[in-house]
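These notes concern the structure reproduced below.
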Amino acid sequence: MNFASDNWAGASPKVLEALAHGSAGIAPAYGADDLTREVKARLAALFGHEVGAFFVATGTSANSLCLAALCPPYGAVYAHDEAHIIGDEGGASEFVTQGARLIGIPGVGGKIGLADFKAVAGKPAGPASRFPLPSTLSLTQASECGTVYREEEVAALSEAAAAFGLKVHMDGARFANAFAFLCSLRGDMTPGDITWKAGVDALSLGFTKNGALLAEAVVLFDPERADEVEWRRKRSGQVLSKARLVAAQLLAMLEDDHWLDLARHANRMALMLGHGLVTAGHRLGFDIEANEVFAVLPKAMIPRLRQEGALFYEYPRASLAADRRAGPDAELVRLVTSFATMPEEVEQFIKLASQI
Amino acid sequence: MNFASDNWAGASPKVLEALAHGSAGIAPAYGADDLTREVKARLAALFGHEVGAFFVATGTSANSLCLAALCPPYGAVYAHDEAHIIGDEGGASEFVTQGARLIGIPGVGGKIGLADFKAVAGKPAGPASRFPLPSTLSLTQASECGTVYREEEVAALSEAAAAFGLKVHMDGARFANAFAFLCSLRGDMTPGDITWKAGVDALSLGFTKNGALLAEAVVLFDPERADEVEWRRKRSGQVLSKARLVAAQLLAMLEDDHWLDLARHANRMALMLGHGLVTAGHRLGFDIEANEVFAVLPKAMIPRLRQEGALFYEYPRASLAADRRAGPDAELVRLVTSFATMPEEVEQFIKLASQI
Amino acid sequence: MNFASDNWAGASPKVLEALAHGSAGIAPAYGADDLTREVKARLAALFGHEVGAFFVATGTSANSLCLAALCPPYGAVYAHDEAHIIGDEGGASEFVTQGARLIGIPGVGGKIGLADFKAVAGKPAGPASRFPLPSTLSLTQASECGTVYREEEVAALSEAAAAFGLKVHMDGARFANAFAFLCSLRGDMTPGDITWKAGVDALSLGFTKNGALLAEAVVLFDPERADEVEWRRKRSGQVLSKARLVAAQLLAMLEDDHWLDLARHANRMALMLGHGLVTAGHRLGFDIEANEVFAVLPKAMIPRLRQEGALFYEYPRASLAADRRAGPDAELVRLVTSFATMPEEVEQFIKLASQI
Amino acid sequence: MNFASDNWAGASPKVLEALAHGSAGIAPAYGADDLTREVKARLAALFGHEVGAFFVATGTSANSLCLAALCPPYGAVYAHDEAHIIGDEGGASEFVTQGARLIGIPGVGGKIGLADFKAVAGKPAGPASRFPLPSTLSLTQASECGTVYREEEVAALSEAAAAFGLKVHMDGARFANAFAFLCSLRGDMTPGDITWKAGVDALSLGFTKNGALLAEAVVLFDPERADEVEWRRKRSGQVLSKARLVAAQLLAMLEDDHWLDLARHANRMALMLGHGLVTAGHRLGFDIEANEVFAVLPKAMIPRLRQEGALFYEYPRASLAADRRAGPDAELVRLVTSFATMPEEVEQFIKLASQI
C-alpha cells in the first residue's frame, strides 16, 4: 500500500518499452536528434501555441529555470507559503535565478487567493531598489494540497499579476492530474486554456511523477526567452547527452493520451480512497481534485496502519481551513496515489481505516 | 559508421534490462532507496576508500559540482586549454562555483605537463585578493585528445598542486577507457591507484558515454565535503526523484565488470581503427590510448567518407605536437568509438580511407 | 527641522578636520597604511577581543559581507520582519551571500522575541536539503523602531541560535546610539558586553549615520573567517584605494569617545522630542531608547507640520503593539534625530505639534 | 619621491574644500539630493550625450557594474591580458556579472591590437552554449602600460566588436590622463569623441586616482540599461547614503576643468621624468602618453634608489615589445606620477638615476 508519494513508483511499461526502442541505433547527442524535434512539435500542438521547450532531469530544475527566465536576480517571486519552490527544493530557485527572493503568500487549500495576492504584491515597493523588484507570480497546479486552480482563478491572478508588472509561472509537477480533473468538469478543456490563454508565461511540465522514468519539460509561451534559457540550462548541467532517450519517454507519454490515462487513473484512485475514508467516518483536509488525499486520522490509528504495510506521511498543512483542523487526538496525513496504484491497495487501506 | 561521438550510441542492453527490472515495485524517492545505498557501497569497494558519492544527470553537472566542492567562488581552477570544462560546458563551472575563474594551461596531446603547470600556477598571486585565489587543478582522464595520464604523471601533478595549496579534480567522463588502458599496461592497477592514491580529491566518474542511459557520479575522496555537495546538488536540480533507476544502471555497469568490458571493447575498436589508418598510409595526431582516434586525412577525402555514411567531426587541436600538424591539404579529424561500435564499421571505414 | 533621517546630516566637523589632516602626504593604498593599522588596533581594544576588521563604504555592504561570512549560499538567515536587510537593501544579502534566503520573524517594537525565534527557526528543516540550511540569526541594534536589545536579550537569543547551530550577526548601523543607551542603564557597560560576550559572531559597526562622511566597519569576532571576507570585500568593490581617509574618519570618531558624544547628543534630542510630544498630548509608538521617535499624530496635522518646514516620514510599522496602533484619523510618523540636531529644531517641532 | 602609485596621494585641496562645504546643512540621502542631480547634468553636458550616471566607491565596482550591464552571466568578456579587471580586482567582474568569463588577449604596450582581437573573439563559438557567449570587449584607457588608444583605434575595435555582436566597455580609471594626452594631439578633442562616438557603450570614469578622495562613476551611454544597474549597484552596497559628498567631490573636479588640470600636471611630470631618464641613458619600456613611466633600470641601482627614498615597484610586463625587454642585469620598473607629484621629486629621482 504505497501512498507515500507518486515518485515512489517506477516507470510506466509503455515508457520502458519506448526507452528500449529509442535506445537502438545512433542519434546526435544533446538534443539535435529527430525524437527531440518531434516531441517539441508535439508539445506546440498540444498547447496550440508556439513554445520554447527544454527537457531537464528534475522538477526542481524545471521550476528554477522557468523562474530564471522570468525574474531577474534582483527580483521577487510570489508563491504560496507551502509551495514546493519555497519548502522543498533547497533554495534551487535562489541559486538558479542568482539571488531572487521568494515571498510566501498564505491561502486556504494550498491555493493563493486573489485578495491575498493583491495585498502582498500590491504593497508599494517604496523608493527604487530598496526591496527586490516584484517580478513573478508562481502558481502550483495541482497545488501541494491536491487542489486545482480553475481556469478563471488562474486568469484572475494573472490579470492582477500583469497589472503589477509581474510574469506568471506555473509549477506543473502534477499538471496532468490537474488537467485531467479540469477536463472532468468541462469536456472541451485544452492545456492551452489553463496556461497561456489564462496568462501563464512559463510552465514546468512534469512527467516523472505521472509515470516517466525521468522527464520534465520547461515550456515557454514566449519563445523569445528561449536562447537565454538554453544557456542557463547548459550551465545547470541539464543538457542531457542522450537526449533522445528523454524524448522517447515524452513521446510515449503523449502518444494516444497515455499521460492523461495515467493521470486519470491516479485521480480515480484518490477519489475512491477519499470516498472510502469519508464513508468510514473520517474527515478530509481538502477537497480531492487531483491525486492526493489529505485525511484526518486518529493518532492511535497511524502506527497500526503502518504496521499493516501502509506507506504515507503525516503532513501538517497550515493552509487547512479552520473548520477542518485536526483535533488533539488526530493528525493530518497525506495519501498520494499514482499511475501504479491498484484498487486492491485502496480497498485494503479503507478496510483498515474502517476497522482499526 | 558512427565515429561522431560515444554519446551518439544508446544504452547497453544490460543497462536497459536493469532499468526495466529496477522499475518494478516501489521504493523511496530522492536516493533513500536500497539500490542507491548498494551502489554507494560498491563504489567505495571499487576505490578501496570511503567516498562521498552523488549521482547526477550529466558530466557537466558532475564536473561543476566537484569544482564547487574544491574551489571557493573567489578561486581559480587550472585546466588544460582544451579541457571540456573550459570549452564545452557553457560556463557551468563558473555558474556552479558561483564565480570561480578557469585558467587554461597549454600542453601537447591534451595533457598538462608538470613544467607548464608550475609555470602558470606557481606565479606569485601578488598582494592578497588581487587575483582569484589559486585553488584547484583539474585533469581530464582520458584527455580530450584520447590520451591517458600515467599514474606517476597524476601523482607528480598532484604533488605540485599540493605544494601550491591546490586541490585536484579529475574529469573522468571517459575514466573507464583510461582505466582499461592503464590496466593493459599494468595488470594489477586499481581505480584507487590512479585517483586518491595519486592525490585526486574529487572525481567525475562517467558512465553515460560508456553505455549507460544517463548516469554520472560525483566521487569525493574526502567525505567531509559531502554535506555541502548535497546542498549544491539539490540546488542545481540534480537530485533525481526516481534515483533508484539511476542506481540500477550503475549496478548493471559495475556488475561483473561490465563497465570495463564496454570500455575495453571501445578501446579495441579505436586501436583497430588507428592501426588500419596507419597501414593505409595516414598519420595519427595522438597516440591511441583510449577510445578516440585523431587522424590527419586529405581534405578531399573527407566529404567522400561522409558520402559513404561515415559520421565524424573535423577537430583542430592546438595541442597537436609540431611534427604531427596537418599540412595545407589535410585536416585533423576525430573518430570516437564506443561500446556499440562494430568491427564491420571499423573495417568499412579503413577500407574507404585506403581506397579513396 | 530635519527629522527625515540621520543620514541627511553631513559629517561632524571633527571628521572633516581629520579628513583634511589625513589627506596630507602619501601613504600606501588599499589599507596597507599606518592609519588603517591603528584603527584596527583601536577597535580590538574597544571590544576587548581580537577582531577581524574591514572598512567598507556602506551599511548595506557591511551587513551583506557579515552574512556572507556566517551563512553559506544554501543557508537561511532569520531577521525581524522589518529589518533593514529584508526591506531596505534591495536584496544585497541574497546577492553577496550568493543565494541565501532571508526569513522574517515578527516581533513587537522591532525586536525579535525569544519564543517567536524558537518557533520559526526551531521548525525541523525536514529531510536534508529540502529547505535552505538554517544558518544565521541577524539582530538589529538599535532596531528599526528605535528600541534596544538588552544584554540579556541578546544573550538568550544567541544561546537559542547556538542550540540550533546558527551563528549571530548584529546590524549595528546605529550601534552607537544603542550602546549609549545601554550605558545610561548600566554605567560600566562595554561594547564587548553587548556583542561577543553575548554571543555575537559578526557586527556591522556603523559610523556614517552617527557623523562620519562614509565609514562602516565589518567586525568579526572570529578572525579565522577574515581571509574569506577579504576576498569577498574585494569582489564587491569595497576595498577603497585611499583607505587611510576612511581610517582617518574612524580615528576621529573613536578619539576621546567622539562617537559616543555624538550618539548621546542624538539620543538626548530624541528623548527631548518624545517628552515634548507626550506633554503635548500625543502618543508614542515605541519607547524611546535610541535616536528615533515614533509618534501617533493626527492626520490633519501632518501637512501643516511640513508646511512649517518639518522633514519626516509617515512610517507604518507592523510591529506596533496592539494598544499603540494609530486610530483612523491618526498616522504613525518617524522622527529621527542626529548628531546635528539642534535643540531649537526640537523645540520648534514640539511647539508646532502642541499648537496645530 | 612617491612613484608607487597615483592613489598613494591624498585628495586635491579643492576636493577637500568642496567636501567641507558640501557637508554643511542637510540633504536627502542615497542620491536624491541637488548636488547629485547637478553632477549628473554636468556629465551629460561633458559627453554631449544623454547618460545614465551612477557614483560608486571604487574603480573595481565601476568596472564590474559596467560589465554586468553589458554582459549576461553566461557571457564572455575580452580584455587585454594585463587588464586591471583580469589581474587586479580579485575576480570582482566574475562576481558582479554572476559568472561571466574573462578572456585575455595579448598585445604590445598594454593595448589590444585589432588583428589579435579578431583572431580571439572571432573564433566560431561552436554549437550553441558550449562556450560562454561572446558579449563584451573591455578597453583600458589609459592602459596598464601608460599608453593611450587613439580615437581611430577605439573606433576600429568597436566596429569589429559590433560585427561580432559585442558591446564595448572602457575602463577609464585614468581616463583623465588619457583624455589630456589626446587633447595634446588634437586641440578640439571632446570626451564624447573617444567614448560613445567611437562606439563605447559604458565607461568607468575614475576620479580617485586623479585627485578625489573617493569618487568613481559608471557612465552608460545607453540610459535604457540604467534601471538594472541601479538594482545591481544597490545590491553591491554601492549606494552611498551621504551621496551629496561624493557629488561635491565630482563637482569640484569638473569645475573649471580642475580634473584636466590635475591630469595634465601628472602627465607633465611623467614626461619630465621619462625625458630625464632617457637623457641619463636609460631605456623606456613604453612610450609615455599618460602618467606612468616604465623604465629599464640596472638591477643594482634599484635598492639604492629606494634607500634614497624613492617609492616604486618592479613591474614585469609581458606586453613589452621584444626590442625593449630588460636584459639579465636590468629590471622594468613602474613610476607613476600624480596630481601631487612635485617637480623637485622628479628632479631628485633623475639625478639619482644619473649618478648611481
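By letter and in written order, the chains are A, B, C and D; residue numbering begins at 1 in each of them.
Note that a residue touches a chain if its C-beta (ideal position, glycine included) is under 8 Å from a C-beta of that chain, and two chains touch if they have at least 3 such contacts.
Every value quoted in this text rests on a predicted model; they were computed, and no experiment measured them.
Each chain's centre was taken as the mean of its CA atoms, and the one lying most distant from chain C is B. More inter-chain C-beta contacts link the pair A-C than the other of B-C and A-C.
Centre to centre, using the average C-alpha position, chain C and chain D are separated by 35 Å.
Chain B and chain C have centres, each the mean of its CA atoms, that are 52 Å apart.
Averaged Cα coordinates give chain A a centre that lies 42 Å from the centre of chain C.
Within chain C, contacts with two or more other chains are made by residues 30, 73-74, 89-91, 94-95, 98-99, 129-130, 231, 234-235, 239.
Of all residues in chain A, those touching chain B in their complex are 2, 4-5, 7-11, 16, 19-20, 22-30, 56-62, 64-65, 89-92, 94-96, 208-209, 213-214, 231, 234-242, 244-246, 311, 340.
Residue ranges of chain A in contact with chain C, taken from their complex: 73-74, 76, 87-91, 94-95, 98-102, 126, 129-132. Contacts from chain C toward chain B in the complex involve residues 30, 72-74, 98-99, 127-130, 133, 227-228, 230-235, 239.
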